[in-house]
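Okay, so chain A shows up in both of these, paired with chain B first and chain C after.
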Partner chain A sequence: MSTPATVRHHVLTNLDHYLTELEEQLTAKGGKVVYLRSVEEVADSIELLAREKGWPLPADLRQQMERLEPGVAEYLLGGPREAGGSLLLAAGELRIASAAYLIAEAGAVCLIGPPADGAGPRMQIVVAGIDRVLPRMRDVAVFLPLLAGEGSVQFLTGPRRAGEWDGPEELYVYLVDGGRIPLLADPAKRDVLRCVRCGACLSSPPDGSPVVCPVGIDLENIPGLLRRELPPETSGWKYRLWGFVMRRPRLYEFAGRMLRSFWREEWGVPEPPAKSFRQTWREEGRK
Partner chain B sequence: MPDDALFETLRAALGRKRFQKPSTPPEPELAIRNYWTGEERLQQFRRAFTGRGGHLHVVSSAEEARSLIGDLQAGQEAIAASLPWLAECGILDLAGVQSGFTDAELLRNAGRTARIGIISCHCLLAESGTVVLRSSPEQPGSIGFGLPVTVIVAPRRKLLGNLDELLQMNPRSFASFRETVLLNGSEGRDIHLILI
Partner chain C sequence: MTKRVSLFVTCVVDQLMPRAALAMADVLTRVGYDVEFRPAQTCCGRSVYEMGCREQAQAAGAYCVDVFAGAGYVVTPSTACAATLRKRLPEQGGPAAAELAGRVWEFSRFLVEIARVEDVGARFEHPVVFQDAEGLNGGRRLLAQVKGLRLLPLPDWAGSGSFWGRSEPVSPALVDRIAESGASHVVGMEPERLLLLRGAFAKRDRGIEALHLAEVLASR
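On to the complex of A and B.
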């Protein structure tokens, strides 16, 4: 009998086989599988498809894509997978969703979140890291409880079939490398890709005992090993400029005012508060 | 990235050869609840399904089910999936219930005036209060999820213990349908499940 850890280990060591099986099964039922290097390429491809159809897309598509299916770096820094991660664009004609799992034997895509209303979108794009594969449908029984919580779950095996009046006319499955292959090449780091983003490691047990990862990732040692290899980000012109401004309080305050005045949603960074901490401090101090 | 290039890099990273078969994958440990009685399954299902906003009506006959649907309709139009089970229960013959649509346009037009969609399900999972729905030409999603109220009519024998039991019974059946939905509770919709 297996545990989630042994299944994930098996999948990752035989990933080429399971990706091939998934692609064969999906394409046999009319789905289209596209392999892409990065989330940037995903956004490019979506823009191309939307342009062909004449569908408008939001200006911040790239930021939204990054939130849907992050690369490996974001796995190390990010939180649990958001349930129901999907975007409905072009007046409901296009739905982009992040897959929770891909099931090779069934050629199925598993999405978490409520099903689409009515006839659903005309085009469904599913984005997933290449590591999201499970060998068989039976494995879902073990893996779904790690993610689904109380949300609904959909399994898609292809686009609309003959005789059906609804469901997407086209189903694209975008499989993203996103820096995963170099990790797979190193057996010491490969296990980080077992992660299914369940978020168990983010909660600390009240008794202070170590967190047990459901897929057997060595939480004590792997994050340290990977972070040590990240390039130090304390040099370069951005940090020199930041340091220059931080050392000049008036300039810092002026820069903050400019940021609040000119902030745009499409930058993809959170909206700054209406008042700076300094302003609030000064006003509170007068009372 | 061309697929061949990606696969070459991937195989090199894993130290595998082209067409190399994997060992047999480890068998998942399924938690089968076959020791639950029918009544225990029903109680478990009721707790989980109603706890997530669903309305459960347990009736003893198709006649009671028809009467209940009449009450839910309250004189308003409904559209129903053309399923043999619903026909067997006499639901497709109820006044104000349209079914047997021969094309998508007719269904869309009927959907504009109808308030209730009547469907059936593949099975029910007691442990999680889940309704398992499958798309088919007879039961389009526009009936199940396109209207303000959804009524699901199912026989009690469709009540299984949990997902593990369903996956043990027929895991390959998922591949036969374009879409399978595991609906956990109401998902903010007005959903009535009539169990006969």
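On to the complex of A and C.
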């Protein structure tokens, strides 16, 4: 059965195949596929295209592009996918959108967000991380619920053909590495690329109770994974001192009194209480 | 037979949010428990566990086993510290550790599942947003019985930061979302998250208070 987890796993282990298929299908329908390394190259390429057309571009194009395709590290740190990740430039002639998914077999682009008005822009640029590809159209049905409620779903299957009512005259699909290839090459960490930023894990409390990741990323294992890569120094005197103090309540109370204002600064808590709980409890003569 | 509970205040609440534990003691007394505080207690060890130091975390866990020997129910205002004792103590091995793990309760769960009360006779006439804790619905059920309290929806807690990991502070967007919700208070069950929110509200000069659930339930 196709589940989000099995589909993402399959795609990531056969990414070369599906990217090739996507490119063949899109190109056959008149779309143009461009492979780019980073968001800088995305902005460069858009500037070149706009210059050819004589279209003005906003001065903050680069920042706006970073919002659409921040690279995988920022992507994974970000919140749930923003609805309507797109911008309309040059008086509506050019629309740049980040793809929700790309469908290899159909050579199609799936956008989620507000739909374009009327016949849409003349030139559509779609920006997508290389991992966004799905094998078949029916896989989309498995994934749309994860990003549900974020706007209308729109499919682009190439530029407008003779006799069609709407669609862009030109369609560019920018496939961006943005740090994904090194992750893909690392079998231990590859699975984090499965993330579609549905946001399920963000509701997790800091107490480590398990959150079921819809695409099957082993969330609880990630800290351990990173620690193996960069083991923390935990045998040092600071940890031993901590353990020593925490088994001696009087010392702990004294240290707490000394450290409370430091903690306050560290976490920006406005006013530390004048007395600890235990002090208050004792002074009130409770047992 | 009198019903007894022993407070596990946690180091963070002891030092930085004493009112939450005092309120917890009041509520537990109000619903009919004899409340004790064992002053030998310190910390569950979670901070060092999360930093990767299992050895000292287990030492702290073993110390907790000694402190709470024979204490009956141990109730704590921290969802995270409750989870640490419940999950990590059994890993230490030995019957005493497993036995303590089985009688540690997070405050809201204790009220709903052991004390079996939802209406603790509280009154709190303010609009609030509630920061849920995953897998715990007791907090909402308890708040629903508080007279005068208006619970506003706030579905998206993205960006609420973490404590020991310090991966990111509270996001300004979250502070804005809370301010725009019209709430005067944020109510939560995790002291560290509440402290981070307090810091963020103070820094951005928002007139919003972050309160522990126990503080709301204690007010009348």
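Keep in mind that, in the parts below, the second predicted complex is superposed on the first by the 212 of 287 C-alpha atoms of A that agree within 3 Å, B and C clash if a C-alpha of one lies under 4 Å from a C-alpha of the other, contacts with A are read in each partner's own complex, and residues count from 1 in each chain.
Methods note: a residue touches a chain if its C-beta (ideal position, glycine included) is under 8 Å from a C-beta of that chain, and two chains touch if they have at least 3 such contacts.
Since we're looking at a predicted model, the values are computed, not measured.
Trainee: For A:Gly199, is the partner it touches chain B (first), chain C (second), both, or none of the two (neither)?
Mentor: A:Gly199 sits against chain C, while chain B stays out of touch.
Trainee: Pick one for A:Phe277: touches chain B only (first), chain C only (second), both, or neither.
Mentor: second
Trainee: Chain A residues in contact: does chain B have more, or chain C?
Mentor: Tallying touched residues of chain A, the top partner is B.
Trainee: Looking at the overlay, what does A:Pro114 touch: chain B (first), chain C (second), both, or neither?
Mentor: A:Pro114 sits against chain B, while chain C stays out of touch.
Trainee: Which part of chain C faces chain A closely enough to touch in the complex?
Mentor: Contacts found on chain C: 9, 11, 13-19, 21-22, 25, 35-37, 39-43, 45, 48, 51-56, 59-60, 63, 79-84, 87, 132-135, 156-159, 162-165, 168-169, 190, 192-193, 195-196, 198-200, 202-203.
Trainee: Going by the contact rule at the top, pick out the chain B residues touching chain A in the complex.
Mentor: 1, 3, 6-7, 9-14, 16, 20-23, 25-31, 52, 103-104, 107, 111, 135-137, 140-142, 145-146, 163-164, 167-168, 171-172, 174-175, 177-185, 187-188
Trainee: Hey, which residues of chain A end up touching chain C in the complex?
Mentor: Chain A residues touching chain C: 77, 79-80, 199, 202-209, 211, 227, 231-232, 234-235, 239-240, 242-243, 245-247, 249, 252, 256, 259-260, 263-264, 267-270, 272-273, 275-278, 280-282, 286-287.
Trainee: What part of chain A is in contact with chain B in the complex they form?
Mentor: Residues of chain A touching chain B: 1-3, 6-7, 10-11, 13-20, 25, 29, 35-37, 41, 103, 105-108, 114-120, 130, 135-142, 144, 148, 150-161, 163-167, 177, 181-182, 184-185.
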